[in-house]
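Single-structure report; data block below.
The chains carry the letters A, B, C and D, assigned in the order they are written, with residues numbered from 1 in each.
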Amino acid sequence: MEKRARVLIDCEDAKGLVYKISKVFYDRDLNIDNNREFVDKEHGRFFMRTVVSGLFDVEELLTELKTVTPADAHIRVIEPKDKKIVILATKESHALGDILIRHADGELGATIECVIANHDTLETLVRRFDIPFFHVPADNMSREEHESLMMKLVDEFEFDNIVLAKYMRILTPAFVKAYPQQIINIHHSFLPAFIGANPYKQAFERGVKIIGATAHYVTDDLDEGPIIAQDVIPVNHRLTWRDMQRAGRDGEKIVLSRALALVLNDRVFVNGNKTVIF
Amino acid sequence: MEKRARVLIDCEDAKGLVYKISKVFYDRDLNIDNNREFVDKEHGRFFMRTVVSGLFDVEELLTELKTVTPADAHIRVIEPKDKKIVILATKESHALGDILIRHADGELGATIECVIANHDTLETLVRRFDIPFFHVPADNMSREEHESLMMKLVDEFEFDNIVLAKYMRILTPAFVKAYPQQIINIHHSFLPAFIGANPYKQAFERGVKIIGATAHYVTDDLDEGPIIAQDVIPVNHRLTWRDMQRAGRDGEKIVLSRALALVLNDRVFVNGNKTVIF
Amino acid sequence: MEKRARVLIDCEDAKGLVYKISKVFYDRDLNIDNNREFVDKEHGRFFMRTVVSGLFDVEELLTELKTVTPADAHIRVIEPKDKKIVILATKESHALGDILIRHADGELGATIECVIANHDTLETLVRRFDIPFFHVPADNMSREEHESLMMKLVDEFEFDNIVLAKYMRILTPAFVKAYPQQIINIHHSFLPAFIGANPYKQAFERGVKIIGATAHYVTDDLDEGPIIAQDVIPVNHRLTWRDMQRAGRDGEKIVLSRALALVLNDRVFVNGNKTVIF
Amino acid sequence: MEKRARVLIDCEDAKGLVYKISKVFYDRDLNIDNNREFVDKEHGRFFMRTVVSGLFDVEELLTELKTVTPADAHIRVIEPKDKKIVILATKESHALGDILIRHADGELGATIECVIANHDTLETLVRRFDIPFFHVPADNMSREEHESLMMKLVDEFEFDNIVLAKYMRILTPAFVKAYPQQIINIHHSFLPAFIGANPYKQAFERGVKIIGATAHYVTDDLDEGPIIAQDVIPVNHRLTWRDMQRAGRDGEKIVLSRALALVLNDRVFVNGNKTVIF
């Protein structure tokens, strides 16, 4: 039976890759519905995302693609299916709410398996959408103890991605390592950046004219992982820092949802500490 | 001797095009330095822009590529060379000035063959840059008479593109037809649009919060040709319509220069009344 | 007891207005917490929004302000209170959902009295938030009959504003006239504009690079009322027109919510067919 | 004879300031053509910019305004006159070129007294516009020696502002102190920021999706002075860091020119480490 899949290839660059890979598709009489490649000349890496349709066996296709690509090739053949996500949150509802509405609307392209929070503030909101909510308080325990509870809970679910929808705790390297290239975070950004507590207040004190939001993969370096999406919002001296924070929330929720859509559509490759987005 | 070229292919879509075209490059042992394709599914058209390097003869490569592509294929193999442009202007200096500075800076990627204007206002500015300036007044003559003078002058030059840098006269179909897909124009745009005289004043009267600029290829439909680049600038009720016009000029010059760079780099395909930009 | 109010004055311009009005506040020993004026020189109109605090009687203050302002002055002294809104919708959930989340979050600055729709698609979503939902089908009846049902229902509520959250029916002049400067609408906008059915498809066919959204007061001229807020989203040739529509929705919901916040904070004056926004 | 002036007042906040100041204008029968105030509640500072016209003596007006404002008031009554600027540059022409074109066009609102550079690269360009160019090489001398030569030259001119149009040397505190709130600089900015050498390369390595530009007053803290204007440009993974740099230049020149226009129109107050912009 005719079917469709996304083929994602990420490998060392080599001569003739486009030819060899497209030959595999051509010889099997597959249709190419969409195709994009990118070569990172500086690091000599090749990225390709092709949507193919026709008659094929996933395992066979994978095997054949391996024979024409370098040994380090990371190849995925992804058949269309509903993705699954787990959301971590704290108290703020804007980023979470935006995802919940898209989910209710059928626009998200993923099922929300559950929302887990270190406070119970958002329980009412989440339950309105008949989505499981778990409260894992962090009081009176070490970061490690709390995270081990979180991981135990997270691991009860099957999921493709963990979305930090304004989860205000810093993840330990152990947590990050357990879900490589699976955790997406959103944080505010400024031109220039402000480090330390209450960056909105710092940005206000400096009189910035633009505030931004950055969605990125979580790596060990806090807020320093590969960027997926960014956007900005103009502000002026009439705004208090709380006004700026409020304005920033719109940017945060839109950018997080945009990044999530890209990830769920398998459009994002991680390339060192940056991304290739098709 | 090793050389480099941009290969541009635009044809009816067909199975295996990427495979067949990349096979031509592979068989000739050419390096692919950059490659992008796009299929317009709705109209069944295929677009591809590849930068190749290696040992090849342009005519041979063209011939071979024709054998693997549909009969309607429009194929170009463009070797690096300095492009040439002719600029038409009227009285305003912002768009022209931006191009002159880039030209002086060596950043334009093209030689300005001459500037032709229907007023002499800009003569001093152009001569500062040692670029030929021609004044072709339109007084006391019909549009046809004026344009025939313009075309006669334009035709004395060799050029790749004609840039309308705020040339405030409407070109006749005869002029447009003489230089197909070669004429680039810039005009202000609004959300929503305003038709008729003095759109800045109309936009002001409506209280728009955003003004924009659109660079496009010129076709018979005035200001309706395929869009190459667009940008916007936020405004507010404190601006007079002249302030808006002033603000709009920054957008116009940046968008025109951005569009011109895309065109000079052979990154723009015309696809019906729209563009594919790589 | 100390209290606080927003004083909004809108009148013919005259010499000394700032002096005379600020004298009223000064003589009564009121604090000015925030003050903005604007003079539309072209139409000779004066606008002022002042937040005052101190000891005052609203009626007395109004009377005194009338004695120092031109006869046509429209003066409002608005004490802080929760505003009320009625939402009209059809089938799309993005704009409505954004308002519902802000409402649930306490960030909206208004109570949603009810949501009224000509389809029942959104009923489940609205009920999740314990907000009254009314379905007023338009089948088998004239526009006038349907609207008279709508108005009857709307009039059962007390409200400050009616928000059209993607209400896809055109309101009759009778409806618009019944709620002057109270109805807020959101619609997509393009550079340039496209008139007629399916503008996203038209924009796609033209290959626009930017799509926008415009929030405005509803007047008799469909989509032509005074603009409150606008924003844009960049797009490219890889998007289908459905992708553009999806991208446009993010703009629509953010711009509508931003406009609503301005209106609920009494920051918007209507000035002919445009707005003054403080 | 009727004349016009900009009145700028900057002082400790106090009750009745708007009333008392507008009374001065009213009692002298002056027209208020434009008026804006702002109170920084956090720091208790009042800012007011009023354009008045009528019959008045500048000294008398100043004296009278002093009697109604707090002791620390900084009051300026600025009559319309052509401002004067001195430009410092190095090798890059984009920011300088943008100012030169506006100057040639009569749009700048200031006379360029001279351009001073530590390299002679820009001499040809500047001379095209008949503007004095001075080359002050920094070779074989200490920073202090070079700057003392620069200051000596700068001081030969009368000017309102010094514009650093990509002047790539760091000014010493002595230089900055000599021209307080007079020096304007432009620099690229990123979300997040990158510190150290070659930030474009760092931004590229991180895969930023947006690059920005910030115009600010120069203070002792390098690139940390009060921000006047900012803007951003979207980028993607297909750009090399040199492409990003090229894209960034458009932002830099537009933002610097925008900031300069605000400053020359006396629309910018410095308020601690930020600005109030009317």
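Just so we're on the same page, a residue touches a chain if its C-beta (ideal position, glycine included) is under 8 Å from a C-beta of that chain, and two chains touch if they have at least 3 such contacts.
Small disclaimer: the values here were computed from a predicted structure and weren't measured.
S.K.: Using C-alpha centres only, name the chain that sits farthest from subunit D.
M.R.: A
S.K.: If more than half of the interface residue numbers appear on both sides, call it same; otherwise different. Which is it for subunit C and subunit D?
M.R.: same
S.K.: What's the distance between the Cα centroids of subunit B and subunit C, rounded to whole Å?
M.R.: One centre to the other, that is 40 Å.
S.K.: What is the distance, in whole Å, between the centres of subunit A and subunit B, each centre taken as the mean of its C-alpha atoms?
M.R.: 37
S.K.: For subunit D, give me the residues that contact two or more of the other chains.
M.R.: 41
S.K.: Using the touch definition up top, name the residues of subunit A that touch subunit C in the complex.
M.R.: 93-94, 97-98, 100-101, 104-105, 107, 124-125, 128-129, 246, 250, 254, 257-258
S.K.: Can you name the residues of subunit D that touch subunit A in the complex?
M.R.: Those residues of subunit D that touch subunit A are 38, 41-42, 189-193, 204-210, 212, 214, 223-224, 226-227, 229-232, 236-238, 240, 271-277.
S.K.: Please name which positions on subunit A make contact with subunit B in the complex.
M.R.: Touching subunit B: residues 15-16, 18-20, 22-23, 25-26, 29, 31-37, 39, 41, 234 of subunit A.
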